[in-house]
Structure formats: structure tokens, C-alpha cells
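Order of writing sets the labels: A, B, C, D and E. Residues in every chain begin at 1.
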Amino acid sequence: DILFWSTQAKPVEETQAMREQVLSGFSESVDYQASDTGPWLTRIQAELEAGQGTIGLLGGLHGDFTTLADNLVDLSDVDLGGVSVNDTFQQLGRLGTDEQKYLPWMQATYIMAANRKALDYLPEGADINALTYDELIAWMKTLAEETGGPKFGFPAGPKGLKHRFFQGYLYPSYTDSMVTKFRSAEAEEAWNKFKELWAYTNPASTSFAFMQEQLLTEEVWVAFDHTARLAEAFNQRPDDFVAFPAPAGPTGRGFMPVVAGVAVPETAPDMEKAKALAAYMLKPETQIATLRATNFFPVVDVELPDDMPAAVRISGAAIAAMSGAEDANPGLLPMGLGDLGGKFNQVYNDTFERIVLAGQDVRAVLDDQAEALRAIMEEAGAPCWAPDEPSEGACPVE
Amino acid sequence: MEQRSLPYLLLLPATLFLCVFFIYPFLLVAWQAVSQDGSFTLEHFRTMADHWKFSTAFWNTILLAMAVVPLQLALALLMATLVTRMGAGRDVILYIWTIPLGISDLAAGIIWLAIFEQTGFLNSILSSLGLIDQPTTWLGYQDKATIFIAVVLAELWRATAIVLVILVAGMGLIPKEYYEAAEVFGAGPWKRFVRITLPLLRPSIQTALILRTILAFEVFAVVAALGGTNLPVLMGETYVWQFDLQDRHVAAAYALVILAISIAFTLVFLRTLRVPKEARI
Amino acid sequence: MAEISIRNVAKRFGDFTALHSIDLTVEDQEFMVLLGASGCGKTTLLRIIAGLETPSQGEVWIGGRRVDHLPPRQRGIAMVFQNYAIFPHLTVFENIAFGLRMQKLPQAEIDRRVTRTAELMHIGQLLKRYSGQLSGGQRQRVAVARALAMEPDVILMDEPLSNLDALLRLEMRAELKGVLAESKTTTIYVTHDQVEAMSLADRIAVMNQGRIVQAAEPIEVYRNPAARFVGSFIGNPPMNFLPARKADNGSWQVAGVRFDGPQAEREEIAFAIRPEDLHPAEDGLPAKVRVVEPLGPHVLATCEVEGHLFRAVLDSDIRLRRGDTVKLAPMPQRIRWFDPESEESLQPHR
Amino acid sequence: MAEISIRNVAKRFGDFTALHSIDLTVEDQEFMVLLGASGCGKTTLLRIIAGLETPSQGEVWIGGRRVDHLPPRQRGIAMVFQNYAIFPHLTVFENIAFGLRMQKLPQAEIDRRVTRTAELMHIGQLLKRYSGQLSGGQRQRVAVARALAMEPDVILMDEPLSNLDALLRLEMRAELKGVLAESKTTTIYVTHDQVEAMSLADRIAVMNQGRIVQAAEPIEVYRNPAARFVGSFIGNPPMNFLPARKADNGSWQVAGVRFDGPQAEREEIAFAIRPEDLHPAEDGLPAKVRVVEPLGPHVLATCEVEGHLFRAVLDSDIRLRRGDTVKLAPMPQRIRWFDPESEESLQPHR
Amino acid sequence: MTTATATAAATAADIRRPARLLFAATIVLLCAWVLAPIYLLTVNALSSPDQVNAFPKSFVPGFEMGSITFFLQFGGVLRALFNSILVAGITMVLAIGLGAPAGYALSRFEFRGKGTFRIMVLMTRAFPLPLLALPLAVMFIRTGLDDTAIGLAIVHTTLALPFAVLITFSLFSGIPVELEEAAWTLGCTRLQAFYKVVLPLVLPGIAASAVFAFVISWNEVFAAAVLTIENRTLTAFLLQNLDVSPLHLKFAGGAVLVVPALIFIFAVRKYLFAMWGIANR
């Protein structure tokens, strides 16, 4: 048995699918265990500290690995059997070192989803595949007014991934930056826009984590979320929901891919098998099976078959439209932050909570949080990443 | 005489157990709260206290405990009294009332969220009764008060059974002759409750209060389910620092704060509800 | 006005009948003593009057009100429990004050009453103690004080002095009688001490196996037992019984001696005499001495008359030894006769 | 061999001294009765012997072994508790069998012993009941049966018959005495019933306020009290005391009457006589009658002699009324004298 | 007046008609309060995803077993169930075995260090477990306790022990010492007196704290997730990610989680209230 210890595919159905559809094809039997970050991290830390362990392969998001970098085995020697892996992701997998700390495993991004009923209220002349934030706000305003309540949904709950929205969508769309222009005037405008949007956002959003649920119950009609967290809505009622790209701002249509990877801890009981399993995860067939199971897209070049689940078809099209848009402004996951990744995210979350939820003064909050951000960047010494211009030394917060 | 050493002997297994499996790891964690790279510092406490959420989380936790625990005690006392006055069917009722005992906070959070959600049962009832035509939002970020009430209700539902069983077990040990004497000397049901049940139940009440208060300071799952990020509590913040922010030092500092207020309240209960040795049964 | 009237009351515990149809009236201000063997139902009867037990049948009236459906606190009673039931969480003072506080009396009045009854019961110096710090007799006195302090219309006492030494008891007894008479309280008092019963009671109700056998003045109960049980139960030592065979002229033959007796259509009835109503005399009943016990001024001689147990209380001057045979003559006016079947008295002398 | 020897034992509860330096030896197979006022420390002493209370000082020896440091079960004792301590979760049978099961006796033997002691205590028909279903007296008998069934070397009984009616008590008393004598058990028995004490005891130990005042045979304690307390405590009613003023020729003047008395370097001593040792006579003490109470064959006359309380037990034939003055003569050989300060006996007659 | 027991009869006079009605109504209301959320959980567990997501929600189940079957079909469910019961069982035994003697000592003796011990016990409950999990896991991995039922039970015992100690403490305080003393004089050692006299009397309370221990262990997720790999408990195996699963599975999972615990409480119910028939003293 190889123990595959993962923070991904946690919902029970996905876990089950991973076991039955993805990993059953491997030559060895694999024990796939998905858990919350808390137990996941605690367990692997304990094994590393104890110097022995049972975990063979780790699966996690880019951010999950940052703290563990020192104890992950270099995977550059893994024989991938000729599959070509997305370069950017492979680069991210080095975690700022010379070694391949993790292999990219699957990717996803955030898109918008809407109930078809909502389309009737689209503002005059707006193209759903090329929305701007202003149009989105106008749309939501009409919806709220016409249907008697806010209909926009945003995953701002404790398990929601809201920080990625601010980092990869809101900031790039308004400031063409994630870090550098954190407290710029443009940023202030971005937050004000977001506040405007928030007025038409379902107030219960602060406990939402997976927008598919609220879409299905029709608590919200339009939502922003991770593709994997919208999948259930598309799969259950493919005819009722549409997917479309995130909106654009003055500096383009900011968006951000999310990447999950697999890594081998130095305490893995059987290094060879672990590496073999890592390689197996990158096989095109496995990648397609994974897509079916988890709605995370492949990180290797493959031809998708036609019989993919509805969610894949629908969100795949939206992703294509988003990345292929003229004003596309892709950003990258934070890099080189080490174990400060969590605090980095917290800066954005705090800013959101203070400005939007607590209603504090935008300027003051930005100034305040910029200090925190700067401290983090300096402590980590991480250079800037896209869409910020590469920097010498720590990425500056202007 | 064996009298002297016996209590220590009786405590020995539990003590040894706790030393190995609690005190030792606890000391390791506690050390993290007050050290940085091996040297003593209060920096982490400062970081914690300076964080803008700290005082909100702190007061939310205290307020929740202050609201939930007394209500639970009152409800459990009511239930226990009803149970003791019941004839046939007592077992069944008691079983029903202790059902929530078996329900984890995780499950309780799910159930209560399903009730208070916008498309949840509460709105379903209200709308089928025609009281509302649009689902009302109960748990929105502006509805701090409703969230608070919802959390209190859920906690009340989930964790009153613990108090109930402690009290029922305690009441079972009060000799009925005392009630009879009180009755003859003019005490009505209420007076009997206040003058006989409550004082004689003091050890049980003390136990229930201490345990419940400590647990109340650790509320998390239900609050997170119902309140999301709107109702930060200490335990939630501890999680955030430990796992999201990956700062074990500050997380440990939070944990010590929880520990400190728990012990403070415990001491208060131990003091105020102490039964003098000579006044025991 | 607190007359107690018990009408046709019965109490069953499952199969077991603790009280069979009891009828008893206790006059206002009367001091009624309940006497009876252990387990005969005295406590049960008190508890029914107090309202702590629901009768299986019958009615209880107090002061002209039917009370069976009233809770104890509305019956205007106070009670001393056989096992005291002193509240362990309260001091002696608060125990005694308990009922008074229920009546919301002013503190000064409470202090006054508690102090007074505590003094009466000689526990004035124990007021700050808890029941765990008291001796058995002290607890019992607290229980009595608690009831007295209530100054109720009716007081029910279940063996209130059983754990006290003779001296204290004597004293308490006198005090109780005085206090209760003064406060015009109707009292039902359970005791197994006959001296106590005799000296306290206005009337004595003798119970046997869940029935009231006789309720009359003490001297009447002592001298003219209504049933054989009463004679055999009351008196320490109790009455002696011997079989009497019919002789001629309406006289009866007892252990070879002839006595005048009642007219009865029986071949055999029971002859009864109290041990202290015997004296050695030539024409007495022949008794074989088995045991001689000194009782201070007297001796108790346990003898055998024609194979029947026969006791005599004699002056200690009389020298007796085991194995002796003495002739014991009964005082004629003290001889009683009982029907052997109904066990009821055959009263020729009245 | 189970001699009990208590040496210099004291017990303090906080400030309060319940026992002051007690010395007492109970011979093997002796039946020792403890008598004393309520709260004088009887229960405390028993508990110390049983090992339930640690003495504040002193030693306890049983059967030649020092036992103060042994737990109760190793002392070879059984005890009857003043308030029974019947296990509520066990039936009467199991309560009685409890100690036997601890000794791992075979079931047949347990059955035998339980049945036997239960019969002895007249609770044979209650064996299946729980304590909540018993009357006070029945519980008490279960407690006694439980101790007896153990057949221990030493048995400690704390008022074991206090809740029984006179008749049953008389019977139980006889049974107890028989059984304990037969099984050669050393017994310490607390009672407040003096008749019981007199009839059961080999020796009586009289306690007063945490001290043993006299330990002697019953008749000795009754006739020759070692201290004024003993005389005033024992006897029902107790001894009468009058002040005696020194007259000439070693005689003493009491209420205007002269008596021969002890030599004493005192101006005033105490004259004492038991109420039953008085008879009306011309040369008697002038007594003013206050209350007359019938006591069956006798009357108890409570009088006043020179302002002092004075009781007499007289034949009921003597006609007395409140307010009469009678002359009461003491039996000369029964007069006792006490030192007014030490309160100890001044014994001229021995 | 036909009520059976003496107590009921004694108080019967107290409760006259309006009061009696109120009494019954309160009981019914409280039962409804406890049962309603459970009912909703069941309704949803037995409904299809569509029904679960509908609004207004239906209050009768659709009797679709799909969601429940989904869980029951998981490979290794039975094994996980067995592990859960095993771990909870060991926890129960350990918690009572270590806790009851300590509770007894606290209730019967006055000794130095009593207060300290009480606080130490409470600390275990007042300190957030997730922080302790790391050092404990390291310790367990090193000593081979990792991934064993006993290892996990040990952690759960630290959670359950405070309950066991405090509840038994309050129960023992309600038993008259005299009964024990009587047992000593009848030849019992302290231990024998304890289990022959005290234990039967406090059995309901002991059962209650055993139930707590069981339920605490049953519902505990964090440590179970960290400390068991091959020997997963049911919670860790199926349900630790319940809160991020689709709604219909949340409910079904909740039900799967709750039902065994309820069965357990039901099974021990008779011990919980076994001694009620017997009057005290």
C-alpha cells in the first residue's frame, strides 16, 4: 500500500472517485486519504519530525507545500515517460529552489456561473463572455431590485477561497498588480467597486464555501468560484446553468490559475513506489480520469475526449474564453513566500473583512495592511511575480 | 495509616497518564508560545493581541459562553426536574432528551445550518405558512444578532444533554426524605427546588458548569458553520493561526489564552459552589 | 380548631396491605399516642395524614376540611420524621428556621422562635453546626425543634425521643407536653415507650397489623385491654395469659385454681393477669421459676405455669431461685378474661 | 480471645473535644453496655474501636493486638450503626449476607446463617424487600441481623433496639443475650434504655461529656454510683439529691431530719436517695406534692423538699393529691453521700 | 389516583389539572425541540439530491436511499465502524478506569494537592487538542503507538478524562460515607466496599460518564485523522470532510454518523437509569 495523503478531492464523492476511478489503475494498491489542511499538515509535520512515516505521496495545492519545502524529495529524476508538463507550473513546483519539490498534478481556475434565469436581466448590450466589473455590478443591481433580493454569490466563508479573487482577479483587473500597487489609488477604486458589488451580494456569503450549493438551491443566481466548486451545479442541471469568464476591469481581465501538485516527503517508506505513483498521476489517462473525478484540469498536454461530464464541458469553454480573451491578464500564484503564504493570503482577507464587512475607511485600511504586506514580503525576500514586474530582491509594496 | 497515601495512590494512574499524554506535549506547545528560536519572548502574545480580530474573538467567545451556559443550566434543570417528577415513560423521555449527546458538533452545525439557511427549513416553514414570500436571510454578515442567536440555539440544542445527564444522575442521589421534610414544612414545588434541590445538587451543578464553560470557550464547529467569518471566536482563530497562517507560536499563544480564561472561570465556580465538608450528605 | 378525622383509610403497597380500613378521630388539642408493634403501620398512617403518602382508599379530614387532595404544606401540620430528615446542607439554626422562612416570618420572630425551641430541646449551643457534626440524639432533637418552631395546628411525631437517654427523655417529655398543651396543638405521637405513652397521652391508639385495636385513655388501655393483643402488647413485661376451663357455678378453673369469671358459652376462655398484680400467697397459681432478673427495686421472675410462660414482678425482698416453685396469687379485681377466638375482652366487671 | 482495651484515647473535632482520655477494658466475652447522655461521645467511641474514626491520641487493643493502625475489616468486629446504614441497592437477604459473602462462605452456609439471624430478628418474611420498603424498626432489625450473621469476635451495637416496641424489644433483648453468650462474643452495646442496660450488661460503663465516670456491674452502678452524675443519670426517675449540713456526732442534718453519714471535712455534702427507696413514715422528710403520675402499679410523686425537686415512687394504694405534704422516710441502707465539689461518692457503708 | 410509585403519588396531589397540563405540554415541547432537527436530518438523508436542494423544503422524506447507500457502499466501512467502536470502547474503559478512582479520591479525602490536580485535569479539556496533536503524533510515531486503536484511544481519553473525573466526583459526593463504613466493618477492603456498595449506587452516573467518553471518542475527527491511517475510525474514514461535501451527502453522512451513536446511547439507556426503582437509604 502506498499512502496518498492529500488536501484535494475532499468532498466524499470526489474522494471516492479518486479511489475507484483514478488510482485503481495503478499497479500497486493506493490508499487515498483526503483531509483538511489541519490534520494534513499536522500528520506530515509529525512524520517529518519523528523521522519516519507512512505517507508515500503528498497531494496538495501550491500553497500547501510551501512550508514543507525542506523536507521534500527532489523529483526531477522521475521518468514522466515523455508527457510534456506545463512549464509555468513546473517552475512553480521548484518552490524557489533548484529542485523539483513537487510535480504539478492538476490545475483549476476561478470562473463565473449563472442561472439562466439571470440572463434575462443582463444590462443592455452586455456580452456575457466579455463582462466588465461595471456591467456585472449593474446586472446584479437590476437582479437584486427585480427579484427582491441580492442574487450574487461570493465564497467568503471560512473555507471559501476568497483571497484568490482579490489576488488574482480584482487587483490585476484594476491595478495590473498583486503586491506592488497594493495601496495605490487604483486599488482604492477596486475596493470601492467591490463594495458596490457587495451591496448586491447575498449577505450570507460570509458562510459560503462551495457556491454550487447556493446555485442549486437558487439562493444565488450568479456566482464566482473555483471550477471544482461549481461542478456539481453544472453536472446536476447542465441546462439551467451557464459558465462565463470573470469580468474585466480597467487593466484587463485578471485571472489566476490554481495548481495542485504531488510531492514525496523524505520520510516516505518506499521512495521508488512513491515516485512511480507520482509519475502515474501525470499520465494522460490518469489526468483525464482525474478531471472526471475532481473537475481539476490536466497539467499535461492531452486531447480531451468528447464524453466529459457537463461541468468539464461548460467550465472548459468558459476557461477558454477567459484565457483567450483579448484583454486577458493572467497572474500567477504567489511564489517564494515559504511558510508565509498563509499570512500573505490573510492580508487580503483581512483587507476584505475590514473594508467590506466592517465598513472601515478604505484608505486607512489599505495603508495599514500594506505595512503588513511589506513586512511579509521583506521577511520572505520573495521577488515579484506576474502580473507584477519582476523585481530585484523582495517585491516592493509601493 | 493507609488513609494518608490512599488518595495519592488513587490519583496516581490518572496523573501519570496525564503527565505523559498531556502535560509533556502541553509544555512543548506552551513553550512555543513564549519562545522564538529557543529564547524567551512575549512577541507572540503581542502579535496576537495586536491583531485586529483578537478582541472581537475574545469578547465573542466570552459573550457566547455567558449566554449559552446559563441558559443550558436553566434548561437542563427544568428538564431534569420534569424527568424526576415523571411516572411511566420517564426512560423514553430521558432518552429522547439525551439524543443530542450523540451528535458531533460537526453534524450539529450541518443540521442547524440547514435550518437557518436562506433556503433552509425555517424559511420553508415561514413561507409555507405564508408569513414571508421571499426567503429571509438570517445569517448574513449584517445580521450579527441573528447569527449570535442561531449559534446560541444550536449550542443549546447540541450540548444541553450533557448538563442534563449530569444533573439527572445527581438528582437521583438526593434522598427523597429531604423533599418530604421540606414539603411538610411548607415548601411548595418552587421552594423545594430552590432550597433543597439546588443546594444538594451543588456538586453536580458545579461539575456541569465547569465542563460546559470550558467547552463553551472552545466552541468552533457550530460557530463556523452558522456564522462563517462573521463571528470570530478564539478557537477559530487558533485554527487559523495554526493551519492557515502556519504560525504555531501565535496559535499556542491563543491556546494559552483559552486555557487561562477557562481556568479563571473554573476557579470562580470551584470557589462559589464549594460545599463545605461538614455540609455534605 | 384542628380535629383530625381519619375515615376508612387503607393503604396497600403492591400486594401488601399496610393499613386496613382505619377509622380514628383525634379531638382538637388532644394528645393522641400511637402504639403498636414494629411494622404495624404507624409511620404509614402518619405519612398519610401528612400527605406524604396517598391512601388507597378513605378520607382524611383536618379541622373540618377534607385534605386528602391537598399537598402537605397546605394541611397546617408539622412532622418529626422517624429518621429525622435533617437537611445536611443547612446549619441547625437554618434547619429549625426552615418552616418559618417558608412562612416568610420576620427575621426577629424567626430568631426568637428558633432560640426558644432550641433551648427547649437543649441544643442551643449547637445552632451553628451541620447535621454531619451532630450525634444521633442531637439530630433527633433538631428534628423535634424544627417541628415545634412551626407552632402548627397539628403536629405529628414519629418516635421523636427514641434516641435520647432516659433522663433527657424524661425532661423532653415534660417540656413537650407543656409546650404542646400551652399552644393548643393537636398531637399524634408515635412511640414504643409505654411509660412515655402513659404519661403523655390523653388517649392511646393501639395498632396491630394495620388495624386500630383500641383507642382509649391510658389507664383504660392498661387496665381494660379491649383485646388480648392490647394486653399482651402493653405493659412491660406484658400481661400473662392462661387457659381457663369452665367449671361449675359460672366459675373457671385455671391451673388447678378456681376463679369467678364471666358468663360465656365457651368451654375454654383465656384468663389474664398483669405480672405486677401478683403476690406470693398460699392459694396462688403454682409457678416454676426459670429466670430471675433484678430490675432495681423489683425482680422480674420469668416462670412457667402448666407449661405456659408466666411472668411476675415481685418485690426484690422476696428471695427466689431458679427451679423454685412459688404460689402466685392474682389480685381478684385485676383479673381479665378474653374470648379465645375473637380475642376480644369478656368484661364481667363492668 | 477478644479482649478490648482502650488506652488513653481522646478525640477532637476541630476545637471540640468529643472524648477526653478514655481508659476502658472489656473482658473477653464480656457484655459491656455504654450509657450516657445524648452527645456524650458513645458513638464516637464505638467508631474509634471499629476503626472508622482515628483517635487524636491513645491506643486501641483488641485480642492482644494493637489495632489503631488496622482498617476496620482486620479488626474482627461487626457493628450496628445508630442509623442502620442498610444498603439501599440490596435486598434484606443480600444485606444480611453481605459480610458472609466477603468471607467467601459457601452459599449453603450463607443461606443458613441469613435465615437463622433473620428469624431471630423476626424479619424472615422480609428477605426479598429493599430498605425503602421497610419500616424504621424493620430496618434496624436488618442492621442487627447483618452484624450477628458475621459471628464476629467483637460486636459493637449503637442503640440497636431503639426503634422497636417494648414487646419486641424484650424478646430481641433476650435473644441477643442468648446468641451472643452462646457464640462467646465480646460486646459493646450502646443504649439509653436503662432496663435494657441492667438486664443485658455484665458491666455498665457510664459516660459523661467525653469521660467514663464509672464502669461496674449493673447493680453496683445502680446502688453505689461512683459519682453524683451516675446517680442522677441512672434510674428512672433518677436519684434525689438534697444538701446535708454537718451536725454533731458525725451525723448530718437534711431538711430538718438527722441521718448518720460519712466522716468528711466539709460543712455541707450531698445526701442522695432513690425515689423507690422512700416510704411514707412519721419521721420522714417533709415533701410537698406537686404532681402525681400513675405508672401502672405505682405512682410517681414529684414533690418539693425545702425547695429542691424530690421524686418518690410509691405504691399506688397510697392516696396523694397535689398540695399535700407527706413525710417520706428513706431506707437507711440505701442512703448515699456525695462530695459537693468533686461530686464523687463518699462511701461510709463499705 | 392510580399512579404507581410512591413519589409520583406523593407529588400527585401537587400537580392539579392546569399544572398537569402545563407539565405535559412542557415535556412535549421539549421533546419536539430535541427531535425536530433530528427529524429534519433524517428527512434529508432519505431524500434525493433534488429534494434536498428544493425550496420550500419538503418536510416528509422522499425515501430515496441513494445518499445513504453511497456511504454504506464505501469499501471498508465495516472495518472503520469496528475501529470506531473499538477505539471508543477503549476510551470508555480508560477514562472510567483512570477517572473514577480520581473522582473518588477527590470526593472522599482532604489532601494537599487536591486543587492542583483538579486544575490539571481541567486543563486537558481547556487546551485545544489540535495543537497537542503534533507533539503527540511525533511521540506515537516514535513509540509505535501510531495508527493503533489504543494510541488513538489514549488521545481520546485525555479528552474524556476530565468528564469522568468530575462527574464521578460529584456522584460520589452524593453517597453517604456511612454505607461505605458499614461495608468496611463487614469485611470489605476499601476497594471491595467501593465496587460492592458505592459503584452500584452510582452506576447510572458512571454509565453517563461512560457514554460521554464513548461519544467524545466517536465524534472526534482531528486526532483520528492525524493518528490513524490503516485503522481509520468511521469519522475519519468517511466523514471528516463532510462540511465540504454536497448538501445531500452532508445530511446522509450526518445521519450515518449519528445513528450508531444513538443506538449506543439507547443500548446503555437502561444502565443510565437502572437504579431508579430503588429508593435511597
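Throughout what follows, a residue touches a chain if its C-beta (ideal position, glycine included) is under 8 Å from a C-beta of that chain, and two chains touch if they have at least 3 such contacts.
Every value quoted in this text rests on a predicted model; they were computed, and no experiment measured them.
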Starting at chain A, fewest touch steps before arriving at chain E: 1
Highest-count interface - the chain pair sharing the most C-beta contacts: B-E
Geometric centre distance via CA averages, chain D-chain C, whole Å: 22
Separation of mean Cα positions, chain E and chain B [Å, integer]: 15
Gap in Å, rounded to a whole number, between the CA centres of chain C and chain B: 57
Mean-CA-position distance for chain D and chain A (Å): 92
Multi-partner residues of chain C (at least 2 other chains): 51-52, 71, 83, 133
Residues of chain A touching at least two other chains: 36, 38, 217-218
Shared-contact residues (touching 2 or more other chains) in chain E: 10, 14, 53, 55, 130, 134, 176, 190, 201, 221, 239, 242-243, 247, 275, 279-281
Interfacial residue positions of chain D with respect to chain E in the complex: 50-52, 71-73, 77-79, 81, 83, 85-89, 98-99, 102-103, 130-133, 146, 150
Of all residues in chain E, those that touch chain B in their complex: 3-5, 7-8, 10-11, 14-15, 23, 26-27, 30-31, 33-35, 37-38, 40-41, 44, 53, 55-57, 59, 94, 97-99, 101-102, 104-105, 107-111, 113-115, 117-128, 130-132, 134-136, 139, 154-155, 157-158, 161-163, 165-167, 169-171, 173-176, 190, 201-202, 204-205, 208, 211-212, 215, 218-219, 221, 235, 239, 242-243, 247, 250-251, 254, 257-258, 261-262, 264-266, 269-270, 272-273, 275-276, 279-281
Chain E residues touching chain A - in the complex, by the definition given at the top: 49-50, 53-55, 70-71, 74-75, 130, 133-134, 137-138, 141-142, 146-147, 221-222, 225-226, 229-230, 232, 236, 238-247, 249, 253
Chain B-facing residues of chain A, complex: 36-38, 41, 67, 148-149, 156-158, 202-208, 214, 217-219, 339, 341-343, 345-346, 350, 353-354, 357
Parts of chain B lying in touch with chain C, wherever the complex brings them together: 177-178, 180-188, 191, 195-196, 199-200, 202, 275-276, 278-281
